[in-house]
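Take a look at the structure set out below.
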């Protein structure tokens, strides 16, 4: 395995629970196997990184609407299929717990412990009106140029949309 | 083209007919051109590999619900857009037949004939309560570590979600 | 950075506004940094490339239905989430304008100026009954074999679905 192939990047565009679980399972698996992993969160993917508590912010009307309507963090995300107004995610979380599969919150924690670099896309934050204060600690903030520089040096690059 | 670039992997996360057709078109195309191709089926993607007939299984309530509500194999999959309660997929299959484009079932058969390695994700099977008996023959069963080992040696890695 | 890593390919399978913006932001960013970028538009992604005006075509019934129901170009695309019957895309476009973020139409124009190669998938065009006359100028037309040849020589390959 060459050096290039030992780096991996994942763009997390989706904010769906099932896709977020897939993204973090791949990321933590790769990091556990010794890879340098960079996750780049953009658009709805930023919702995965939102703090669960309400954060006081000063925003315009549209940004406030986005803030209220978008899910705050792992516990509030829906499924991409069979969501059934939130019943689907609950059942999935129940089954995962029963089978001793790590929850999304645990996977995020583990990603941090394993040194996975998590970058929040600043352009998306700007468009969706998401501020740094609304996101969990330990993130980096950058744009597409940073992603591209990382991807060019990586052997595996995925887009999870 | 180096050896690394002659391997290709595709994660099939989606269980939508249109995305499954895309995945298998790429996989069979690459295999026909001499590449070693590995497809890794996870979450809803496992539905593509389900046998069309009912299989008697012993399961808990939630798993039984998943079993009943999820589509069984290529003929039952919906479209990611314009599904119209199943009318969309029917029209698409009709048009594909008329234009002599291979159906998904034919593409899966061809993938097998061309030696495409098809791996069902064991963690997803566990979470969704899908057993080996419910899936078509000729599959391998493995987890994310196996996928990552394959991806690290491949030149093209796609996530179809 | 090796030569292989200086090429990038993006399969654009989705016809959603938000995913199209992500695809073109990555493509133009990479091209601006000196990469050779190839975008391969397939299935719903072809709608991004449709001319906004009505084009007179001779088609069968199903193809005509697809033509009428699918969006014609960047201004008509919906969001993958929070579409709200077209209100979501309008708000997003409003915010992007306010924040001086390039619109999708501008990003497509820029991609062309930067020499991004845009290929329309001929098999998808055939299945969906989309003719060359209905698409914007400056495209190439090819199938999966052409995509695979490009991807095999590229260091970054993404599937945006």
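Residue numbering begins at 1 within each chain, and the chains themselves are lettered A, B and C in the order written.
FYI, a contact is a pair of C-beta atoms (placed from the backbone, for glycine too) under 8 Å apart; a residue touches a chain by one contact, two chains touch by 3 or more.
What you see is a predicted model; the values in this text were computed from it and never measured.
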Query raised in the report: What angle of turn lays chain A on top of chain C when you fit their CA atoms, given in steps of 5 degrees?
Result: 120
Query raised in the report: Residue numbers at the chain A-chain B interface: does the shared fraction exceed half, giving same, or fall under half, giving different?
Result: different
Query raised in the report: Using mean CA coordinates as chain centres, what's the chain A-chain B distance in Å?
Result: 25
Report summary line: Each of the following residues of chain A touches two or more other chains, namely 157-159, 161
Query raised in the report: What does chain C use to touch chain A in their complex?
Result: 1-2, 5-6, 14, 18-19, 22, 25-26, 29-30, 33, 35, 80-82, 91-92, 94-96, 99, 101, 155-161
Query - chain C contact footprint on chain A (complex, rising order) - result: 4, 11, 13, 15, 42-44, 62-63, 65, 69-70, 123, 126-129, 144-145, 147-148, 151-154, 157-159, 161
